[in-house]
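One structure, as structure tokens, below. Some questions next.
Naming follows writing order (A, B, C and D), and every chain is counted from residue 1.
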Amino acid sequence: MSMARKTGGDEETGDRGVSRRTFVGAAGTTAATALAGCSGGDGTPTPTSGGGGGGGDGDDDSTPTADPAAAQRGGTLVAGMQSGLDGRDPHLVQAASTLRVLENIYGKLVEIDQDLKPVGQLATEWSVSDDDLTWTFQLREGVMFHPPESRELTAADVVYSFERLLNEDTGSPWRSNFTPIANVSADGDYTVVFEFDEPYAPFLFKLSSGGYILPEGADDASDYDIADQPVGTGPFVFDENVAQARTNVTAFEDYWGTDGDGNALPYLDEVEFQVIPEGQARLTNLQSGSIDWAVTVPPSQADSLEGSNSITLSNIPGTFYDYVGHNTTNAPLDDVRLRQAISWAISRESIVQGARFGYATPTQDPIPPASVWKDLISVDEPYSQDQARAESLREESDYDGEELTIQVGQQFPAQVNIAEIVQQQLGEVGITATVQPTDFGTMISNLNEGAYDLTIVGWSGFVDPDDMMYLQFHSGETFNQSNYSNEEVDELLEQGRQAAGDREERAAFYDDAIDIIAEEVPYTFLEFNDELAAWRNSVKNFTHISTGTPRFRDVWLEG
Amino acid sequence: MTLLDVSGLSTEFRTDEGVVQAVNDVDLTVEAGETVGIVGESGSGKSVTALSMLGLVDPPGYVTDGTVAFDGEDLRQASEKRLQEIRGNDIGMVFQDPMESLNPVLTVGEQIAEAARVHDRFGGEGVDWLERSLLGNFVPRRSARKRHPKSWAYAVEMMRQVGIPEPEQRATEYPHQFSGGMQQRAMIAMALVCEPDLLIADEPTTALDVTIEAQILDRLAELQAERGMGVLLITHDLGVVVETCDRVAVMYAGQIVEQGSVEDVFADPAHPYTRRLLDAIPDAKRGEGRLRAIEGNVPDLVDMPDACYFAPRCPHAHDACYEGVPDHESVGPDHVARCVLHREAGALPWEADGAGDTAMADGGDGTLDTEEGDR
Amino acid sequence: MTETDQSTTDQTTGGGSRPLPGAAAAETARRVFAESRLALLGLVITVGVVIVAAFAPVIAPYDPTAQNIAEAQLLAPSLEHPMGTDQLGRDVLSRVLYGAQLSIQVGVIAVGVAMLAGVPLGLVAGFYGGYTDETVMRAMDVVFSFPAILLAIAMVAILGQSTFNVMLAIGITYTPIFARVTRSGVLSVREETFVDAARAIGDSNASILARDILPNVVAPIIVQATVSLAFAILAESALSFLGLGAPPPAPSWGRMLSDSRNFMESAPWTALFPGLAIMVTILGFNFLGDGLRDTLDPQNDTESGGSI
Amino acid sequence: MGYGAYVLKRVLLIGPILFGVSLISFGALELLPGGPVEAAFGTRANPELVEQLREQYGLNRPFHVRYLDWVGDIVLNQDFGQTIRTERDVSTLLATSLPPTIWLAASGALVSVFIGIPAGIVSAVNHYEPEDYLATFLAFLGLSIPNFFLGLVLILVFSLYVPIFPSSGFVSPLEDPVEGVRTLVLPALTVGTAISAVVMRMMRSSLLEVFSEEYIRTARAKGLTRALVTNKHAVKNALIPTVTVVGLNFGYLLGGVVIVEQIFAIPGIGRLTLTAILTREYRVLQGSLLVIALLFALVNLATDLLYAYLDPRIKYD
């Protein structure tokens, strides 16, 4: 089943509840090499946690080593979100705003840390069989479910959760992440075994997105309805939801997590997620103090926060990138020289400045800047704006002035701006194009049916190269809307998916693939947008992750 | 002490076409208990004269000259506040068109009682701030009867006095539920609530048919007799004047051209216009054939010539008439006329060859037909 | 000589509005604008906007779509750029001038569509009355029970977003108003004797409608057209504000306003000038509409504000 | 025919209009390209899933069966069906979205009355004076300023530069009166301005007409003060046509509400409808259009009843 994409809406103005940010964990190290707890790549304090591979000795918890002694308990943190809950069952929901709330209610075996690496959450350690076909996870003991279940988490719950995900009747959008699983079984109360027919390198990262654990028998529980009353193992219990207005969650006393000094988490009493779609309004409320934390600050306003002494602006490289999608089978775009001409015509710098006010980094590939794979996978011959070369390529191609349409989601002004910039720059090299804002839902159908020439749209949340490239560029895959097909690229992507070696080995396949893709231009990659969030200085100990997911379990409010 | 002594009253209307001199140097007196009639064709300034007395003329109309002494007090110098104390209290007014003169959305009882409450006839039942303010329209309140019972009862009593049957019930009804006659009676009741010293009735019965008219006029006479009230009756119906008035003033083009006791004026009209007016009444006895109309039509009162206004239509006009506006010439005890003939020696033209030649005719029954819109 | 009294409004007698024979249209127009200063002011503004729209290419200092992100992003109003520049470094003044083209175009065609659909419906309903009148009017009621803006949004979202669809959507939402105005005009004229006279000499219903009734219903329709133009322009800018108006890069006032939402504080001029442009244009049409109504069609002063 | 019978007759009249609206909102949306399921999921969902969902929602049944089934659910048990993508119950969505819209529309109408009527009186009483010209010009301005531009300006001034009012969100005045009112001030002003212009001009013209009536002169001849004459006698009569104008313009007001809810992030039915249109949630759209039409019809009824209450001359035939 599909994993739809997520476009620019999440960035600035109202996310019309349409966006689907897919969190797909990046593949950690594969089975064989045991990797002792890996400390943070670039010196930021990372949770000591079980790395991938056998014998990982994940110790008790994954809280950053802030000075917990000064932590103050209590208080309600008000978070400004972009849209309300789109649903309450984590297996059925993909919208970014909804997942950011459920992340604080439900638990999962593995989660992503600041370096976009998988770390244990409900799983303390895990190991992989020699033939890479069997993954065994050790569950943390003493993890309690929220009321009304109020009982300890066991392997049976994990098995139930994954069977529910794999069951077609559930109709979960995450199902395609887990279809390779042949069988999941419990081995005693605290061990879960996953069996595969062929190696599945990105499994750890797939678990970290969508692999939420529900109590066994949740669907036919008598005393609550899982669709209305979420019951998870997370730090906060679902309290109340007012459609399109706010969602309240309260602290879970029996939460298993504790801070560095062993005192119970979470510090906060309650978190209120308020729906404020207008970026400007979120900012105003943050400045006036009626909210404490704001998701996606509009880049156009970010400068005004730089100097503020009461608000912290956190600006880290994000996982969301925009690109120009080419319909490679639709004349005249079936001529690769025209597609290359388009790539040479576009100035990524003016897009970063014009549409994102500088809060983005130009890119030639789908690898997020913060990702550990960044320096391993890159395009050897990067594009830049070269109008002369673009024009000569255009003349060589059999393009003779037809008008190309650029379809873009009308709900996402930032991307409409990008489309206008691209249209202007194509015009400068003799390629005439018109911008066609379309309703996002309709546009996605058009892209699927190939009823388009060019499109400006984006992907987000990918951490593992397999997710960045497999479904988009492998022939016939669900998201290959460019109808791009190259045997060599297919071969490389399949090898990457099953590669047993370490990261460098696996990266090599993707590095070769990206060079061919850059050459044949099914996509013109544009820019990775910064992940902007802002909070009042009274909000302490918040860990800002590139995927933008807010975890409030170890956050506390000062004064 | 004369009840009402108006002298030199002038009112003009500043319109786009020019300044219309609607009332021009009018002198008039009304004694207590006396009924004075003002008669004249429609548009002669009768109504404006009455309204000017009470200061009810709004821009573009302005009272420019004259004094209106009421019980010795000149109303023209009086403040609006003082005028408000007099209107409805010392001077009552009744208007011509009953259907239009009562507020359609307020009960008749309320409107009559209001006249009393505004002048605090019954202590403590005055108009409160809420009723005066805009909010009064939105705040639902107890019925008028409960809020101010004494003035309500008095209003019902007044309605009985003017001859309205079942006044208790009728008081709670709205004007559109009343016939024309009943509405006019209600108007009269409203005017008499505070037992005014002077009643000004502007064509009170014009809109009514003759039988109702007779009842209303009789009722007025009775009330006047009971209260010794002065009445200023404005009408274009000479028959009404004969039956009800003691004295009469004839107005033409904003001026009083003749004034005197009814007997004198009707017996021996001293102004050619008055004569033409009287001759317009078809006298059953005289049995003339065709009635004769006055040639020409009423002047349009904009920058009038410095001459006798009636000269252009007067059969006896001669040079003297065009040398300035004639003054009131005394023709007999308490009988004046604004005509040069009385100043000159010699017999009056109509005395020499008998009455006949000044006949003029207008409406059929001796009443001058009124165009729509004469107010 | 009539005693002028307190009455300030003259009661024009006779049913229906003053007839407006084709030939005397020019003379009537002169009379209208002499009589009502409001209409004159409205005319001056609207003609001004139309001239700006027509001569935008000549007047505009820059090409409205020329981007200059590197040097000219969000510049404050200056001599070079009297109305400053927008997010993509485009000159706001030129875009406002070109925006007039779009607004007038959308307004005129939308009202045209509404008249083409509404007037015949109104004529038929008013003239034939009875069953047809009932059904047409009930149908109009149903269309009326959707707020116009929602109807327009639904149509644009479903039919796809093109300038033509925007015009069609706004046009259809105004059809009921024209049907009603025409119908009430016909009802009041239908009783006139000259209509019976025409029928008496054997004229067909169609020619009666066209030659006798329509000319006498033109006045309220013209007034309604002017007021509806104002609201059609308002509706287009509202649709653009919601991202559903005419597609870029055609500069549309509503879209300019919508795009500037996120830097209202740091760059208020990007919102101020398009907003003022919309306001002045609509003010002009409202003045013109009101002035025309006072002179051409005085009875009909309880016209509802039109719905957007 | 008594007042009660008149009310009943008017209520029954709403039926046919609602039937027309339900038919259109149900029919038009179902038959349009991109049926509910494909559009809602918007992806190349594999055919069996689409087929399964169409079965699940009974979308393959003939049109009239589905229509009667849908209307039956609403009329009998107020069940507006489920949203397609997240199986949320449409009835609760509508139930939670209606109050904010009603509060906003009501406060907008209130603003239009409390600004429009006094302004109309001031300009009528000072006919052809500076106050009259100023009020009339402001009224034209109010009518011409686009409500979304006004909304943005109000936010800029009253929640950015001078932060006294919140710039978004909605708190029901029932739960927290102070905060509730504070959140409603700017949106109500934005929605109400245009209508207050219409009310003001209507009040002015009807007052001028009333001032020339005979019964006003009678009132003055009774010695009433100018204020009493104006506020009691004149205004009461002038209110009647003005009230109908507010009712007539409720559609305009509701149109404004849709946009203002978008700017001020008020979770009302306007925004719900707008989102439902964009995300192709047909069940939500059909439900909300029906509710809006019902709201509309009730307001028209209320206007007529208020008209009959204010004007005793109206007979209830």
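Criterion: a contact is a pair of C-beta atoms (placed from the backbone, for glycine too) under 8 Å apart; a residue touches a chain by one contact, two chains touch by 3 or more.
Everything quoted here is computed from the prediction, not taken from an experiment.
J.: Going by C-alpha centroids, which chain is farthest from chain B? Tell me that one.
T.: It is A whose centre lies farthest from that of chain B.
J.: Please find the two chains that have the most C-beta pairs touching each other.
T.: Result of the pairwise contact count: C-D comes out on top.
J.: Can you work out the whole-Å distance between the CA centroids of chain A and chain B?
T.: The computed centroid separation for chain A versus chain B comes out at 92 Å.
J.: Distance-wise, how many Å sit between the C-alpha centres of chain A and chain D, to the nearest whole number?
T.: For chain A versus chain D, the centre distance works out to 41 Å.
J.: Chain C to chain D: how many Å between their CA centres?
T.: 22
J.: Between chain B and chain D, what's the gap in Å when you average each chain's C-alpha atoms?
T.: Computed from C-alpha means, the inter-chain centre distance equals 53 Å.
J.: Mind pulling the residue numbers of chain A that touch at least two other chains?
T.: 278, 280, 411, 439, 442
J.: Of all the residues in chain D, which ones touch at least 2 other chains?
T.: Answer for chain D, listing residues that touch two or more other chains: 155, 160, 217, 262, 278.
J.: Help me check something: in the complex, which residues belonging to chain C touch chain A?
T.: 65-67, 69-70, 73, 87-89, 157, 160-161, 243-244, 247-249, 258-259, 261-266
J.: Using the touch definition from the top, list the residues of chain A that touch chain C in their complex.
T.: Against chain C, chain A makes touches at 12-13, 278-280, 298, 300-301, 303-304, 349-350, 353-355, 410-411, 413, 416-417, 419-421, 423-424, 434-439, 442.
J.: Help me check something: in the complex, which residues belonging to chain B touch chain D?
T.: Of all residues in chain B, those touching chain D are 51, 54, 56, 80, 83-89, 92-93, 95, 97, 100-106, 114-115, 118-119, 127, 131-134, 136-137, 174, 176, 187, 190-191.
J.: Spell out the part of chain C that touches chain D in their complex, as residue ranges.
T.: So the residues of chain C in touch with chain D come to 6-9, 138-139, 141-142, 144-150, 153-154, 157-158, 230, 234, 237-238, 241-242, 254, 257-258, 261, 264-265, 268, 271, 275, 278-280, 282-283, 286-287, 290, 301-302, 304-308.
J.: What does chain D use to touch chain B in their complex?
T.: My answer: residues 117-118, 121, 213-215, 217-228, 231-233, 235-237, 239-240, 310-313.
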